[in-house]
Amino acid sequence: MALMMDAAEMNAFLGKVFLEVAGEYQVEAVSEASVTMRLLVQDRHLRPGGTVSGPAMFGLADVTAYMVTLAHIGPRALAVTTNCAIDFMRKPAAGVDLIGEGRLLKLGKQLSVSDVLIYSEGMAQPVARASLTYAIPPQGVDLAE
Amino acid sequence: MALMMDAAEMNAFLGKVFLEVAGEYQVEAVSEASVTMRLLVQDRHLRPGGTVSGPAMFGLADVTAYMVTLAHIGPRALAVTTNCAIDFMRKPAAGVDLIGEGRLLKLGKQLSVSDVLIYSEGMAQPVARASLTYAIPPQGVDLAE
Amino acid sequence: MALMMDAAEMNAFLGKVFLEVAGEYQVEAVSEASVTMRLLVQDRHLRPGGTVSGPAMFGLADVTAYMVTLAHIGPRALAVTTNCAIDFMRKPAAGVDLIGEGRLLKLGKQLSVSDVLIYSEGMAQPVARASLTYAIPPQGVDLAE
Amino acid sequence: MALMMDAAEMNAFLGKVFLEVAGEYQVEAVSEASVTMRLLVQDRHLRPGGTVSGPAMFGLADVTAYMVTLAHIGPRALAVTTNCAIDFMRKPAAGVDLIGEGRLLKLGKQLSVSDVLIYSEGMAQPVARASLTYAIPPQGVDLAE
């Protein structure tokens, strides 16, 4: 599957359509097989004890799956998550960013399926894994302008 | 299963151990069968267009499942989510709170399983459904003091 | 949502398009809100010790979700499961049938979402819960003739 | 994580404790990182049209996750699946076996988490993906004798 966007284009797209989260997420790398995202961990992502919260990990999984889909269909703001299954496996390390590694497993006309492994930066074992389904809007509906 | 906490005790517990989210979540009602939670929707929960974000819905599902578990085991800060499956079914209405209705399906020694329906306040059809598993710490480990 | 099929029509449909499983599954009751299915437990559904196997429980959840969808769209053989999340909560009782209680949470043009509770007949506590998404074929594509 | 069983030992274990499915599943390969399983597709696994059924794919995912767990803890018949999330992405090819590729993501004292990709033999794109949690019985409880 050919790539429709590179990392710089994806970061520009995020900054344009998701002002709310600009400064939180950053595309690190994109290849045909995968996308690497960074969650720039801030106070609002933390739970008592300094660990990253479940909703913040979910948010990273969600954005990573979105980006790995967009990498192959181009910028469409209206794609929506329809389903997510997530396993929280280890406590994230304190004081470091989270890294999401997403891969696209299926790109259909109406649905994409991808999975994501989430790591505390610098750790070998993932803290969470997630699989997500995105509903893709019909072409032409969404120009993200 | 007997109740170990009422709504007032659960709200006090939330305020004590989750200062970060005090003012976001509120226990509305608790019975032997279920817990009703409110997400007081604020700007930080919104996506472009004024709709509540996926992570905010996930967060409500997570807290609701936690509260319906605590209602039956009493206050333990260390219980952790191990798994969540969530379906996003409809766009939340703009300008209203979200309501989570949680029910406990299993309370074992090590795990609880519950499910949650999420509604935009005043709407008949749920916007999302979720099922969650919590790992329960051994008794005595966690006094939440 | 109006019903498009009653229990007798659903059993006839199952016998026609799923000869392989005729004699395994039986629609017990159908209402606007839910469908009740029975798995007539046979040797091939059992694991060592006489308990019903995971795949057999999954199969009941899958057929129940399919039937609760068809009850509202009418007979279409080509609907396919795209996603299932299932929690196995208790050991099924030996020597009794399994009962699936399905409810339809969303019926869209392309997707239906439902959830299912599975019981050992005569027991109060569910042995499993599942949520499933079905992709619905465009009208006219599938006459199930 | 060191391996506790090789492929021959795993096949012998399957034949001993799962007589019901002997002849259906076969361990093809095992490494520290993963297990490859084969479902020897038979008539009972098929749906109308000759495609492998959902329950048969679920069964393969379940056994693969079990085997990748046992590879690291040794033979224990009593481990039970507590949760599975599965996405059905493509129609399996007719007339060929299914191959499951499982990897262990977490091995805790009480729970293991793994994920599985399922392929029609000889195809590049997976037909399904699944993630599963197993509850591990305390050591000494289960000798599988």
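The chains carry the letters A, B, C and D, assigned in the order they are written, with residues numbered from 1 in each.
Here is the rule we go by: a residue touches a chain if its C-beta (ideal position, glycine included) is under 8 Å from a C-beta of that chain, and two chains touch if they have at least 3 such contacts.
A quick note: this is a predicted structure, and the numbers were derived from the prediction, not measured.
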{"item": "Farthest chain relative to subunit B (centres taken as mean CA coordinates)", "value": "D"}
{"item": "Size of the rotation, in steps of 5 degrees, that lays the CA trace of subunit B over subunit C", "value": "180"}
{"item": "Of A-D and A-C, pair with higher C-beta contact tally", "value": "A-D"}
{"item": "Averaged-CA centre spacing for the pair subunit D and subunit A, given as whole angstrom", "value": "28"}
{"item": "Centre-to-centre distance between subunit C and subunit A (centres being mean Cα positions), rounded to whole Å", "value": "33"}
{"item": "Contacts with 2+ other chains: residues of subunit D", "value": "82-83, 85, 87, 89, 133"}
{"item": "Residues on subunit A engaged by subunit B in the complex (per definition of touch)", "value": "17-20, 44, 46-48, 53-56, 58-59, 62, 77, 80-89"}
{"item": "Complex contacts: residues of subunit D adjacent to subunit B", "value": "82-83, 85, 110-111, 133, 135"}
{"item": "Complex contact set, residues of subunit C against subunit B", "value": "85, 87, 89-90, 105-106, 113, 115, 117, 125-126, 129, 131, 133"}
